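Chain naming follows the written order as A, B, C, D, E and F, and within any one chain the residues start at number 1.
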Amino acid sequence: MTIVPSIKRDYLAKLAKNGKREDGRAFDEFRNIEIETGVVSKAEGSARVKIGNTQVLTGIKMGIGEPYPDTPETGVMTTAAELIPLASPDFEAGPPRENAIELARVVDRGIRESQLIEVEKLCIEPEEKVWLVFIDIHILDYDGNLFDAASLASLAALMTTKVPAKRFELGEDYPLPIKEPPISCTSVKFNDVVVMDPSLDEEEIAEVRLTVATDKNEDIRAMQKGLNGSFTRDEIKKVIKASIDNGKKIREQLYKSTGK
Amino acid sequence: MKSEIKLFENGKRLDGRMPDELRNIKIKAGVLHRAEGSCYLEWGGNKVMVAVYGPREAIPRHTQNPLRAIVTARYNMAAFSVEDRKRPGPDRRSREISKVISEALESVILVEKFPRATIDVNIEVLDAEAGTRCAGLTAAAVALVDAGIPMKDIPVACAAGKINDQIVLDLGKDEDNYGSADLPIAISPRTGEILLLQMDGHLTQEEFDKAFDFALKGCHIISDLQKKAILEKYQSEAGGI
Amino acid sequence: MTIVPSIKRDYLAKLAKNGKREDGRAFDEFRNIEIETGVVSKAEGSARVKIGNTQVLTGIKMGIGEPYPDTPETGVMTTAAELIPLASPDFEAGPPRENAIELARVVDRGIRESQLIEVEKLCIEPEEKVWLVFIDIHILDYDGNLFDAASLASLAALMTTKVPAKRFELGEDYPLPIKEPPISCTSVKFNDVVVMDPSLDEEEIAEVRLTVATDKNEDIRAMQKGLNGSFTRDEIKKVIKASIDNGKKIREQLYKSTGK
Amino acid sequence: MKSEIKLFENGKRLDGRMPDELRNIKIKAGVLHRAEGSCYLEWGGNKVMVAVYGPREAIPRHTQNPLRAIVTARYNMAAFSVEDRKRPGPDRRSREISKVISEALESVILVEKFPRATIDVNIEVLDAEAGTRCAGLTAAAVALVDAGIPMKDIPVACAAGKINDQIVLDLGKDEDNYGSADLPIAISPRTGEILLLQMDGHLTQEEFDKAFDFALKGCHIISDLQKKAILEKYQSEAGGI
Amino acid sequence: MTIVPSIKRDYLAKLAKNGKREDGRAFDEFRNIEIETGVVSKAEGSARVKIGNTQVLTGIKMGIGEPYPDTPETGVMTTAAELIPLASPDFEAGPPRENAIELARVVDRGIRESQLIEVEKLCIEPEEKVWLVFIDIHILDYDGNLFDAASLASLAALMTTKVPAKRFELGEDYPLPIKEPPISCTSVKFNDVVVMDPSLDEEEIAEVRLTVATDKNEDIRAMQKGLNGSFTRDEIKKVIKASIDNGKKIREQLYKSTGK
Amino acid sequence: MKSEIKLFENGKRLDGRMPDELRNIKIKAGVLHRAEGSCYLEWGGNKVMVAVYGPREAIPRHTQNPLRAIVTARYNMAAFSVEDRKRPGPDRRSREISKVISEALESVILVEKFPRATIDVNIEVLDAEAGTRCAGLTAAAVALVDAGIPMKDIPVACAAGKINDQIVLDLGKDEDNYGSADLPIAISPRTGEILLLQMDGHLTQEEFDKAFDFALKGCHIISDLQKKAILEKYQSEAGGI
């Protein structure tokens, strides 16, 4: 429970009044993004994403297991996130806390509700055997905006995942069947200014946060408001617009990085 | 969410509601003896009980914030509240819901008045049927008023969604399972500020706007029910004298 | 670990010396009891019981599972109690503590040892499939004497439970097979006075507690002494007698409320 | 508890005991080096080891009672003490037994002498065969004396029960599994006060009285064995000088 | 996290300078060892070992379960150790901490890597049913050198274990198939003195610990260095030598006690 | 460990290495932004990331040592670092490895300089292929230097082992699975003091000596790589000015 650092707030607010951010970005501008895939040989798919200094690694493991009784012919996906103490002096070891749970659930819903993975193609034997997809998100370096970095790393990892059919004596490996990825963009508000892709400093003084995932048709695929502040309806509209715009560019980079 | 199932026909929904019609809602304030504030709410098939304790000293001390109170909502589903028995205790879903409700309530509670304190909002879902987070937050707001916790406004929550390409207010059970989008929001009805906002599924920008309008409308209707329940409580107390 | 509130003790002890209780009851008198069944639609059976301001809700869920290897032809019952923080400023969230465990185990034994549920009629397929009965006790409002309220709510819920055969495609639903219910009555002692159905105030100063469950033949079906005081043998005899007397009245009310 | 099995025939029990006869009991005080007090007890097939530590400062501090010591009995069954291996660690049964034994011991220990302290009574069941809670409490009492903890009296425990409609003292293994009632009690033998009392099964009021008489009788016999064990410990120490 | 008791350290260091130990032993001398087997009737095998005042009881339980997929024809062994609060004022209740885990793992590896139990003879039905061997180590009295006491108790218990075939209707009971036991000997160093079989006092001031398990051919079967000090290579050689010498004597006593 | 599989033929190992040859090792210091010191290391198929935080006040306070810092290494394997997904969180193996690495690092860190402090060394195994504890400790040492933690020496770890009766340096994956002995050590390269030493399997005294020699040799080679990585970090920083 940290006290909001008022000096930092005053400094960033003053900058913002003059239309500026600490690192020189425009309000609706992302930091530099790097996407690298195939970084873990043991994983069926993996990607390391950097957004500025924030660094997230997602690894995909697949296995075989039973389907849920109510969906006997679809594969099962699970998303877990660990805010491991490697990534920040403030992260603690132990079972995931609220922040890690929210992170994992928001990434999970982004993938699940957009039906990114074609789980209906992951059935091996109805009611008996389906493919399991484990999405494990490792935060390596935390400098703000984990939601987007975690989401993007997970997309890139899934888009380059090979189903390990050979290891389970089910024929040749083949790419995980995937649909169009929804791109997640996060904004925060402080002192009546809304900025995209918050840095750590900006997150620490943020009053309210909004994550919007949009697809290539500019449709909305997921939203999540966070923190104990509030948005006006007008602000939400602007955030959606900026998310669509940034989403386009990020989608292009994602396609390029994953060879699609 | 799949959309193969017919959820909307001849301008009506499976349960006979119009697109912009709420399920039945009953709210009763001050229903528990021990709690400092409480509320029992029925919303369609949902039954929710909320008890508020505090402000009281936050324990252990390292959880205290020296400048303001912390608000700890605890959303819990009773083991028997769902079709297949739920294992007791918090799961990831309930912990996320607890977090977003806590944050929404903190937006309106005058937390600066109670440094180092905690305000505990215990939300028990006794019967569950789509929309429990909105039901829980709405009942929590009434229980906070009943407990005398000072707030800028009485928050209220409601959801809209999409079924068979039709935007509808307040998804019911089958609509929640087979619909194609769900948009729960919570607002401060006086200012229209948005305190909680989540969206799952698939909405065009136009659909989002319409769903948002529906949800806002629902919030304002329910806000009136909240105020009526609070009034009834005060009147019954006054009548008791 | 609270310090015994000595002012309250003195006050209640003085009253007791004059044969009185805080709320005007006789020493061996229960508070008003309300029993309401069918309060949760998702549950196979449910009941809300009020004893004075104490309020307990028990819900029964049923499912299908494997029997224990040593009883291959009998159903399985499980009892859990949660002292959820809703019910008292002193209850904490988290896994059940000693008090909740004792409560659940005493209610469980009361039902199990009296063979209330005819578990031998809950076999679907020997060694393979039997009915599972989950008894979940939710304390809603704690104003003393949880043992009797929890026990009574569980009895009323079980007596109105329908086996959900239809949901599992096993024919029509039918009432859970039930025998005679044993009624639990709890007394506490303070300053050499023994009172039945303690209020919260009386519990807080109580030195010792005794719960006695009796059946309609006035036989004893379960007992549990609690707290770090002691009873004389004579006191125990009197408690048994008073428990039988109160048990009769409560049994009548239970039958009426459950339509038996 | 079922009663179909023949547990009583020709006035005798399966193991040849008379209705009011105890199993063999051996008690030895002061068997451990590190513990401040200890006791090893064999009771029929049961083997129990108890170690007492304290009074010492209760930690963490919020567990302290400023007016008296808290007594924390910890009843634990070794993984290998039962037919099918038990998972290590406390389960609900052992936590309930720990609670009722703690309460019984607190009745006789002069806890007011040690404010803010804890007295820890560690009861390890190494071999289990019906009646471990009575064995554990009885051994704990001896270990407390060995540790020099001041007590009003040396508590003692014993059970009676019903098999084939016959009241018997100190149920053995099959009697516990197939009998129809079990009544463990603990008393202060000097005053006859009842410190622990549980009953499962089915007893008429007359049967209850008889079972209670049996259990009391058992307690007094075992009380003598406790005192003998304590005396032997002192004598061996004296003899060692 | 206790502060090293400097007075004790000074006293023991001074003694050591004169070639002495607190209890009169030579540097490379064990305390008196007692081994008693068959002490728990419910266990398939059991042994109580005393090394000086240190007392450890190991019980062996056996059951039937599934083999690991990668070793479908071999039995499964599991080792657990509990530093129960019975044994020391410093042991706490609760899940095993680092020290208990290291203890269990070192004993486990000593047994597993030396292939003491002939697990390939514990197959009942390949891929389906194998014998499970549970080794549970109970510390009863802690006065130093748990590693050797726990290891020795476990060896003695395993060497006298009967496979409970009869209980599972698989024919007559028979002795658990066992090979040659490796004997574990532990030394510690303080103030440049290395002593074998440390007492509790010696352990409390020890800077570094080395456990060496050797077999009857004087081969090394397991080693584990502990604590935050260091050894020179020369010291390690000497410790190995002393471990072989003590191991011989202890092996003889073990054979005698287990009737081999 | 079984030895039936042919792991050594014609003087070479399955992967073509000579008996005393290390796998490829790459070390990079200062790779993370938030950490006070960090290191990324690849060693054969292993990939390890280490971050160091501290010295900072140990919390909760009862974990503090008033005379010196405590060193808390936390070895963790990522769920995706192994063939079959590993459940997240510490297991018994990782807790033991964390313990022996913590102890080895404490031997060389000047802990007396930082009473009441903790130095946290977070070791994440991202890709695992035999020898992760040596890789983790070796990377941790570099990260500690990068964090400016004062040490008597830069510790380094390496293992030797036995395959098909042949002593070899730095076991690879199959060698680890089917070999007959593994001897990981960590040393202070300046003094030759042994900071970590474990052995599993079966070695004659002569074999032990040879394996030890091999492991020592490996340590010294890797020590040079560590120093090179540290130098590169400083040079790149200097170059950046």
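Convention: a residue touches a chain if its C-beta (ideal position, glycine included) is under 8 Å from a C-beta of that chain, and two chains touch if they have at least 3 such contacts.
Just so it is clear, the structure is predicted and the values come from calculations on it, not from any experiment.
Among the other chains, the CA centroid farthest from that of chain F is the one of C. Taking the mean of C-alpha positions as each chain's centre, the chain lying farthest from the centre of chain E is B. Our note on geometry: chain B versus chain D, Cα centroid distance of 52 Å, whole angstroms. Rounded to a whole number, the gap between the C-alpha centres of chain B and chain E is 58 angstrom. If each chain is reduced to the centroid of its CA atoms, chain A and chain D end up 58 Å from each other. Taken as a graph of touching chains, this assembly is arranged as a ring, one closed cycle with exactly two partners per chain. Traced around the ring of touching chains, beginning at chain E and stepping first to chain F, the chains run E, F, A, B, C, D.
Every residue of chain E that touches chain F in the complex is listed here, in rising order: 1, 3, 98, 101-102, 104-105, 109, 113-114, 210, 217-233, 236, 240. Partner chain A is touched in their complex by these residues of chain F: 32-35, 45, 47, 49-51, 53, 56, 74, 76, 78-85, 88-90, 120, 122, 124, 126-129. The touching residues of chain F, when paired with chain E in their complex, are 1, 62-67, 70-71, 92-93, 95-96, 98-100, 102-104, 106-107, 183, 188, 192-205, 208, 212. Within the complex formed with chain D, the residues of chain E that make contact are 39-43, 46, 53, 55, 57, 59-61, 63, 80, 82, 84-89, 93, 95, 134, 136, 138, 140-143.
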